[in-house]
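For clarity, chains are labelled A, B, C and D in written order, and residue numbers in each chain start from 1.
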Amino acid sequence: MKNNGANKIRIGIHGASGYTGSELLRLLARHGGMEVTMLSAERRAGLRLAEVFPHLAAMNAPDLVSIDAFDYDALDAVFCCLPHGTTQEVIAGLPAHLKVVDLSADFRLADPSVYAEWYGQEHRAVDLQREAVYGLTELHRTAIAAARLVANPGCYPTGPQLALVPLLENGQVEGEDIIIDAKSGTSGAGREPKQGTLFSEVGEGVHAYGVAAHRHSPEIDQILSQAASTPVSVTFTPHLIPMNRGILATIYVHLAKGASATDLRATLTKRYYDEPFVHVVSEGVSPETRQVRGSNHCLIGVFADRRPGRAILLTAIDNLLKGASGQALQNMNLMCGLTETTGLEQLPLFP
Amino acid sequence: MKNNGANKIRIGIHGASGYTGSELLRLLARHGGMEVTMLSAERRAGLRLAEVFPHLAAMNAPDLVSIDAFDYDALDAVFCCLPHGTTQEVIAGLPAHLKVVDLSADFRLADPSVYAEWYGQEHRAVDLQREAVYGLTELHRTAIAAARLVANPGCYPTGPQLALVPLLENGQVEGEDIIIDAKSGTSGAGREPKQGTLFSEVGEGVHAYGVAAHRHSPEIDQILSQAASTPVSVTFTPHLIPMNRGILATIYVHLAKGASATDLRATLTKRYYDEPFVHVVSEGVSPETRQVRGSNHCLIGVFADRRPGRAILLTAIDNLLKGASGQALQNMNLMCGLTETTGLEQLPLFP
Amino acid sequence: MKNNGANKIRIGIHGASGYTGSELLRLLARHGGMEVTMLSAERRAGLRLAEVFPHLAAMNAPDLVSIDAFDYDALDAVFCCLPHGTTQEVIAGLPAHLKVVDLSADFRLADPSVYAEWYGQEHRAVDLQREAVYGLTELHRTAIAAARLVANPGCYPTGPQLALVPLLENGQVEGEDIIIDAKSGTSGAGREPKQGTLFSEVGEGVHAYGVAAHRHSPEIDQILSQAASTPVSVTFTPHLIPMNRGILATIYVHLAKGASATDLRATLTKRYYDEPFVHVVSEGVSPETRQVRGSNHCLIGVFADRRPGRAILLTAIDNLLKGASGQALQNMNLMCGLTETTGLEQLPLFP
Amino acid sequence: MKNNGANKIRIGIHGASGYTGSELLRLLARHGGMEVTMLSAERRAGLRLAEVFPHLAAMNAPDLVSIDAFDYDALDAVFCCLPHGTTQEVIAGLPAHLKVVDLSADFRLADPSVYAEWYGQEHRAVDLQREAVYGLTELHRTAIAAARLVANPGCYPTGPQLALVPLLENGQVEGEDIIIDAKSGTSGAGREPKQGTLFSEVGEGVHAYGVAAHRHSPEIDQILSQAASTPVSVTFTPHLIPMNRGILATIYVHLAKGASATDLRATLTKRYYDEPFVHVVSEGVSPETRQVRGSNHCLIGVFADRRPGRAILLTAIDNLLKGASGQALQNMNLMCGLTETTGLEQLPLFP
């Protein structure tokens, strides 16, 4: 499916009333090759977009409808921003001509038994799960370009995978003792009202959650294991930070025999040299989430530890961009034969 | 000076290491008709832009130099982001072929004696002060388009002036008892280290400052007096809010005899109907600064007070965009004969 | 009811799982003359306090029970932290021997018709409403000391009333054109999950709400009218600020003929000279909410406006202390014949 | 030196204009056995305390003087809140009758060569360095009680040491692969104006700093090595969080052969069973810094990792209390023969 001349890719978004939905809309508003054609939001059906997201009032967008009201014949592609669990059945019901990027967790885990273990239910679209391509763009570009269904990566796995996959493939870090300590803003927790994400409960403090039990752990393991060609199991601890956007991951690794932090830096710099969105920062510089806010960028920092044989990697992304909607659009661009960076050109917003 | 074909307007920025400078750079990075050619930053001369603003590392920009190192022959236009007081002499020394938008306060006050009263020194470029056009774009578009030197409005005056000028011109609000209670984020205070803008001194609290004595008061008075064709003096109180960006102004007015809040809404809606950046929000809706963050938008809300004969107006802007660099670029576009919205198309970033 | 020797006042708290409830508990934990005996929390009945408020884990407190499980014979006094509307019936059912401080809005408005107008329902305990004493401690101390039922003031009215009542009583400000622009932290919105108080919806921004329609308006009018001995109706606009605690009120007044800001300062300084919790700050100083955080203090600033005949007053409180639980305890101390400041001695927490 | 009857310990504070100084003052204001007698602040000498810290205006405190103006004969004890480097000479000049708690880093490192390596200069009071007792109260209580000079621990080391020392002493965790990922609020960076701690530079973002090079690393190593009876070197990464107060440390450890996370929990629970300030939280609970804000508490959480043979420990403190001034007062109480908890009884402030 090419974008032929004036014909824009006609886009539908399921679950458009959440933060990933609104972020997609913000990006698509400036995307010359795509046109937002339908928006669903089950409980907000009937509302105008500006009522749900006043910041998008200046955008020319269709009203919100229910999922069932979608006319798929009028669409070329769909972004699915629904909660995990309910997503798989919606996607199973989509006609085959549609390109689909799913932002939920439903198709990220290749092994149905791992899915069942971590999500507490059998997968209800196992064939699709097999078909789905994992959408970490820089690492799976060719497969994504050819895919019909892309499982967009989780917000937490994205940064660490970008940093670790090249190093594991090169055999420069040990797969056995990887620790990922991640710090996230609150938008990753979604727009559903919960006590735990009230301002008064998140402001002026920090805490870990899902310690040793977060569902992004098996997703990280899966990709790192492929890269290492051997089973890798990481320690992963997410923390909630009083900020809206951003994920910083601090990654502690053992160097493989003979490798140095300088080698890691060289590998990553080379790997991402031509990438528009992934940047290895200068030696001694620590990446900050505010330096990627609102952009699809991922910054990677590399430090030798003071203890021999260890290194510290730092990755910074905007969880709603490279950690969700930005990468989703990057993938959809590829799937639709468009320039990968279209709609993602803006620089970070600081301060 | 038209942008002829491939020839881009060559832009210099004095004072590029502050927040208004970096915001201009962010906008210019996506401006097809302008090219950032020279950057000065007196104390950071010699540094690469990425060292001062890592979030702009992906931008292709020249290194920082000292003010004296500018070769004005290689420039078509200059943005001046220097501190007030020092600006007037720099601008007085600029060659006549340059278009200049000054973001300092130096040329905003038309009356030299008012300047001297509020800034504690005589103005050293009185002729230029007379020549300078006040740059509230929507209200002075024609004069701006013809100007060589534009005094970009202060961050606080912008929203209230946009709301009040049409109403005073129409005689719908009294000029005598206007109260402007404004709430600003911290970026308006600049990047110079001061105890008062440390995170620990601003976080988790709110306070007023410059009560009855802020230098934006005479600037507001000047424009409102012109609109009312009679001297207007407002009460203006700025407050510092624990956020990076945004100014909300809550404006209390007396209605002129016979006028209602509905009339005010009608006037403003009509006045700004075709404006790309100024929007009157729906009845009953309260504009929020987060709905304009990162954009050049100004939202205006209109409420009848519960007390007869009074109304409450609310304006929300991003202080670095419509309150500074966004409006500066909007003005420069006009001055250079470019489409006014170029480089300012992006939607707000929320959350 | 005196605190005789070792016998502590036995305290029950209805609605202990909200922020005002937890703040009372924090204060009572260090109150030598009171003992927390029973706690209710309808939907959290059966839980230990530490499960609902981990920060109070070190406190020796009873488990949460349902409202119906209270044995009032074992209590001397009750704090009622229930939502407005449901409170009046609970309090109507309390035995007569109990001292009661109600933190809801149910008994603040003396006129049942005003209550019905603003709360959309008839009052169901009109006799009690008549009996209830309005609990702005510094202004109604004698009546409070003799009361059985005290209606604790709203968070917003407290500061402005403390500033304005002495001035209206003295005839130094006009009652006709008072504007109160208030800025509050999020804890005032309670612990119930709502989209509007999620971190992502409140962080990095500011907005007004309840413009010209907030229920604290008639409460302010009522007390100011008493002070002025003539009907007073104020303009009151609350704003939500990205901080947990604190209310700053910026108050714009017309001076009465012959009065100056200096006179206002003198009146307030004299009136509160011996008060432990209300302080008029030095001339030129602007009070900040962070300077009262965690304390029962109210700071008052007085400024002459640049426009003749007007003044600007600023009040800062912690909405959970002087704006709710602190003042409630201050009142209960009085009602129980204890030293008024007991349990309220701590200084503000900064930063 | 006992507190005999009415005679209060006479306290002096050097460096009273910083955050640790003001926090000491807040605590001492409610300390029945100590009296603040002298305060120094080199650059603020001559000011009243309320001018430097308005939140302490209600406190009866002496004016600020220069260091040289101290009359040590009128003092029994001194808290030293001066910057590291300058502190050692000031303390070397103190008369021998004074009890001293030093909150700087100058006397924390027992080995002068380690000091020289990390602080870039030779120590100028090596004898005192030898005499100084490291003041982690719960672990060195006896020595502290007998000491004349106590080196108060750094803010970062405190939590991790409390968690790790008992486990290393018991041989339940390996000393070889300890990773401490710490997240701190901004007050730890002090009140000196620096670009890096401006609100606009810290708000809405997170970053690591001092990666593999922070000066608290050797301090942690020193105490853990003593506990393990073998050299221990940790990986320590501090991060700056947009909040005023609090440090959360996420600690990754290898279990010793045969040990389980349950064993670690049992050891820590037993060790701190009677401690008033150190609390092991319930299984599955993740401690939050907001649960200790304003208190001297340290919360410890223990989790089994999903990878066998590893555990995750979490510690939460308020950096200005248990991480600085609270622990300093706790130590001084011990040194003066007072009840250790005096002045430190208040519960955390939440939200």
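Going forward, contacts are C-beta pairs under 8 Å (C-beta built on N, C-alpha and C of every residue); 3 or more make two chains touch, one makes a residue touch a chain.
Since the model is a prediction, treat every value here as computed from it, not as a measurement.
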Chain pair with the higher count of C-beta pairs in contact (A-D, A-C): A-D
From subunit B, the most remote chain by mean C-alpha position: D
Whole-Å separation of chain centres (CA-atom averages), subunit A against subunit C: 46
Averaged-CA centre spacing for the pair subunit D and subunit A, given as whole angstrom: 39
Subunit C, residues touching no fewer than two other chains: 19, 185-187, 200-201, 203-204, 242-245, 287-288, 290-291, 293, 351
Residues on subunit D engaged by subunit B in the complex (per definition of touch): 19, 185-187, 189, 191-195, 197-204, 242-244
Contact footprint of subunit B on subunit C as seen in their complex: 177, 179, 181, 183, 185, 200-201, 203-209, 211-213, 217, 233-235, 237, 239, 241-246, 248, 250, 252, 286-291, 293, 301, 303-307, 310, 312, 314, 316, 351
Subunit A-touching residues of subunit B, taken from the complex the two chains share: 19, 22, 26, 29-30, 53-59, 186-187, 203-204, 244-245, 276, 279, 281, 285, 287-288, 290-295, 297, 345-351
